[in-house]
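Shared between the two complexes below is subunit A, which has subunit B as its partner in the first and subunit C in the second.
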Partner chain A sequence: MMMDLLQALGSGILVGMVYALLGLGVVIVFRASEAFNFAVGEFLVVGAFLFLVFNSALRLPILVALPLALLAAGAVGGLIERLTIKPLLGRNPISMTIVTLGLANVLRSLVQLVFGAHTYPFELRLPDIKLEIGDLLFLSEALWAAMLSLATFGLVILFLFRTRWGVAIRATSESQAKALAFGIDAGFILFLVWMVSAVCIAISGIVISNFGSLSYVTGIVGLRAIPVVLIGGMDSIGGALVGGIVVGVCEALVGAYIEPRGLIGFKEVAPYILLLIVLIFRPYGLFGTVRIERV
Partner chain B sequence: MLAVENLRVVYHDVISVLNGISLTVNQGENLIIIGANGAGKTTLLRAISGMIEFYDGDIIDGDVKVEGASVKGIDATAVMRKHRLTYVMEDRPVFWYLTIEENLKAAAYCRWDGGVKADIEQALDHFPVLRRLGHRTAGYLSGGEQQMLAIAMALMTKPRILLLDEPSLGLAPRVVEELFEIIRRLHKGGLTVVLVEQNAHAALSIGTRGYVMETGRVVLEGSARELLANEDVREFYLGSGEGERKSYRDAKRYKRRKRWL
Partner chain C sequence: MRNRTLVRWTLTAILCLTTGGLASAKDIKVLSQFPMSGPVGSLPEFGMGFIDATKYINEELKGVNGKPITFFLEDFRYDPTVEVANFNRYAAEHAKDEFLMATGYITGGLKPLIEKVNVEEKIPWLDGSYSTEIFGPEGGPSKYPYYYSLGATYADQIKVLMKWVKENHKGKERARVGFVYSPTAWGRDGTPEGIAYAKKIGLDVVAEIEYPYTATDATTQATTLRKAKAQYILFHGFSGAANYTALFFKTVRKYLPEATILGTHYTTGPLPMQIFPDEFNGYVGAACRPLMDGVPRAETPMTNKMVKMAHDFAKKNRPDDYKPGGKIRDMGLYADGFTYALILHEALVRADKAGALNRAGIKKALDTMVWDFNGLFDGKTFSYKSHTIPMVRIFKAESKTVEVDGKRVPKGILHPLTEWIDTDTVKW
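Let's look at the complex of A and B:
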């Protein structure tokens, strides 16, 4: 009984790290532009397919294919920002959010057009590091996914808090007008943010696909970003980490204790129920900034 | 050094705010622009600094020239980098969630020289109160401290022309005094300052020359001393006109007179 609980908690935390990285990709875009990127699932699929192209089609070793795929994913993110988001700089963030809805459809169709509706086997071919402690078993894929996600999360935080671009991103996230007035090119910063976000989401896509296979519908996992960032707080980087782990653990516990009692598929719904409960008590999420507006 | 020529600005294609305003700023001046709410002072600074498009405004006529070169249609970062013209927006434009040091670093973003660290130290020497507050987040500073930080941030950009938009807004009189002393010192140090203020007396006391704006036009100009002594300015902006209080008819006559200026 205790082992089951520990297994569920451990697995939930590992998967939660991946969700946290996914959430981070959404949060940094939201902080910079106050727009929610609804195309997160499609970014995830594009990133994973780019890796598949470099690794499987071009037969490049993982150490070459991964950086190339991430560079390409970043470039795709930057290109999309230039074409669709930049023209809306300074406008109502709702416009950008609506653009991302359209973007999701366009990207999904493009992926389907290029790669078809097949399911591709996906394997990172990383060393086996599965962990067995008594009756507990943590799969190598889950451990690698958590480690890669956590490492990326840490690097992004270092980037945001220790580099000039990071400080500029945080400044622009607070106010594009103030940033422009002090000579920070808000347009370039937004471009940079979308690139970083695309890389984060691509890594999530790659490690998620490593659990089995990849197809254009893998993007559905991107929807997990919604409860993650809403529970953690739309504008909180720390909140993305906590939200990711909360959602991961919630899924794992439901999978271990509720689904076996006949509620098949409840695992998918549970994070949204949890989200509703959190929002009732904390409308801005666990760590979101409470906005005070004068009326 | 800076010339605004017959400038007309509209917001959202319909709301006309500047209606053919012209003015000049000479090198080393501390130019004061005063005017009531809605006169177009902030819009003027936005137009000069290249921020106007960000606010959905358009320059539909006229020009803004810095050292003879037109900056019309050029975005704010380019104007700032090319002409070292820094605009300190109203309402203490600091980044609330960044620390004092991060604010200074953010303001130095456009610089690639190696002197940023030394300049941060210099800015903190200039504003000892900011050094004392250490790594505090800007959002937790008082209004006066935030305004000092905003000016310190502007200095990090190494400006040649500093546009200040109502720095005294919402500050206690003693803090305003301190702030204006800082602006006076900066001007004495050779910086060209354009100060937009509603606190006309304090501003004109430290200025060299001034303009009075109303409904998007200049209605009066002169040396700061002349403006301080001007009866209309004293009556309508300094609230210290001599003699009896003006009747509504007098006020109307004054407004009619301004239209011809």
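Let's look at the complex of A and C:
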């Protein structure tokens, strides 16, 4: 009984780390522009396909293919920002959010156009580090996914809090107008943020595809970012981490204890129910900034 | 004068015969629906095979004893609503003595049309559905006299696999079987009958798990099966959902490396071998056709006449699609479509030969059909009296990833483990 609980908790935490990185990709964009990126699932698929191109099609070793894929994903993120988000700078953030809805459709269609609707084999060839303690078993893929996600999460935090660009990003997050007044190029910062976000989401896509396979349908995982960031708080980086783990654990526990009692599919719904409960008590999420708007 | 009169009478007779003949000749119209886009748009091969076969039927087999068939081909986008609407439209637009047959693809389209097809129109309808509900003991010819399936029901496929487990399980204790299926109409179809049969023949059913199409990971399912100490896992109801099949196999193989994963027709094919060859190795599956590809395609055994014919046909009609990397990734699906059209043609020809090329005559031809399907089942014949082609064979996958010129590529084949089994004659 205890082993089952530990297995569920452990598995939930591992996959939760990936959700957290996905959430981080959304949070940093929201902090910089107050826009929610609904194309997160499509960014995830694009990132994973880029890795597939470098690793499988061009036969580059993983140590070369992975950085190249992430650079390319960042470039795609930046390009998309230049083409679709920059023209909306200074406008209502709702416009940007709506643009991302359209962007999701465009990217999904482009992926199908280029790669087709087929499912591709996906393999991230890393050393086997599976952890087996008695009846507990944590697969190598899940452990690598969690470690890579956590490492990326840490690097992004370092970037945001220990570099000049990071300071500029945080300043822009506070107020685009004030940042501009201080001589910060808010346009460039937004470009940078979209690049970093695209890289985070690409890593999530790569490690998630490594669990199974890759096709344009994989993008459905992007929906997990919604409860993650809303539970953690839309503008909270730490909240993304907590939200990711909460959603991962919630899914694992429901899968282990509730679904077998006949509530099939409840695992998919449970994070949203949890989200509703959180929002009732904390409308800005667990760690979101409480905003008082005077009208 | 006499000669002129003779010529005039001869010409008149010819004209009368010709025009009279034209006036009485009815078109042979058939509606065929299959998905070329939509949720299973990634699997257009079935439609390709069917389309190519229609050309073959009219151009090389000369239609129905010389009379061409007008095929109405519809991409129903895997949407039952579209399938139903298309049929209703064609039924309204075309005369009953010309619109002679229809073919469909999914159970979702069959159910809303039960009354229309079987009572109002009384039109023979061939379908790709293996639904136990429609074609099993609770349905079948007595309830749905105009519905015909192209394969054994899912229940029969699962029962054949359970029987195989019973006969081949090594060990003194009873074999422990876990059932994993999708929470869909086709995932649930056949599963209760399969579970009941497994229990009846003395297998231990240790887990029943519904595994949804939206899963991000399959750890919960794998750990449940491990806890239940499942030795055999029946995986059913994931046709077209390669993503979730890959996720399940890759996870379960690591949690239960010794377990044998079993599956039904749509999992028994080349796609899993192309996507996760190492995890697919050792898979044991039931199939209603011997048409699955080897990976790479050159590995496909061509000993079966129909398999060779389907490959030759695809190569000839769609050389670019047939090549590696082309649109035909699963020759099994192409050949399914191809043979689907051939059985339709066979029924029309038999009805015509019997002098009854009408809906009732075609139904009679199907009901009394005993056919070897041009050698499809290695010489065995089948009878259509149960309105299913009741032939099932068990195959085992032998597949792995290999390095070719520095690139990791899949390689594998499905070997037959049994002879063709006529499920209509098995005493369950």
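Assume the second predicted complex is superposed on the first by the 295 of 295 C-alpha atoms of A that agree within 3 Å, B and C clash if a C-alpha of one lies under 4 Å from a C-alpha of the other, contacts with A are read in each partner's own complex, and residues count from 1 in each chain.
Just so it is clear, contacts are C-beta pairs under 8 Å (C-beta built on N, C-alpha and C of every residue); 3 or more make two chains touch, one makes a residue touch a chain.
In this text the structure is predicted, and so the values were computed from the model without any measurement.
A.B. asks: Give one of first, second, both or neither to describe whether A:Ile273 is in contact with subunit B, with subunit C, with both, or with none.
C.D. replies: neither
A.B. asks: Under the stated touch criterion, name the partner, subunit B or subunit C, that contacts more residues in subunit A.
C.D. replies: C
A.B. asks: Between subunit B and subunit C, whom does A:Val114 touch in the aligned arrangement: first, second, both, or neither?
C.D. replies: In the superposed model, A:Val114 contacts neither subunit B nor subunit C.
A.B. asks: Between subunit B and subunit C, whom does A:Phe182 touch in the aligned arrangement: first, second, both, or neither?
C.D. replies: first
A.B. asks: Of the partners subunit B and subunit C, which touch A:Leu5 in the superposed model: first, second, both, neither?
C.D. replies: Neither: A:Leu5 stays clear of subunit B and subunit C.
A.B. asks: In the overlay, answer first, second, both or neither for which of subunit B and subunit C A:Ala168 touches.
C.D. replies: first
A.B. asks: Which partner does A:Ala142 contact after superposing on A: first (subunit B), second (subunit C), both, neither?
C.D. replies: Only subunit C is touched by A:Ala142; subunit B is not.
A.B. asks: Help me check something: in the complex, which residues belonging to subunit A touch subunit C?
C.D. replies: Listed in rising order, the residues are 4, 7-8, 11, 15, 56, 59, 116-121, 123, 130, 135, 137, 139, 141-142, 208, 211-215, 217-218, 220-221, 224, 251-252, 255-256, 259-260, 264-265, 267-268.
A.B. asks: Provide the residue numbers of subunit A that touch subunit B in the complex, in ascending order.
C.D. replies: Interface residues on the subunit A side: 90, 164, 167-168, 170-171, 174-185.
A.B. asks: Inside the complex, what are the residues of subunit B that reach subunit A?
C.D. replies: Against subunit A, the touching part of subunit B is residues 49, 51, 53-56, 75-77, 80-81, 86-89, 93-98, 102-103, 105-107, 109-110, 153-154, 157.
A.B. asks: Can you list the subunit C residues touching subunit A in their complex?
C.D. replies: Against subunit A, subunit C makes touches at 41-42, 183, 209-210, 212, 214, 216-221, 223-224, 226-227, 242-244, 246-248, 250-251, 254-255, 271, 274-277, 329, 406-408, 410.
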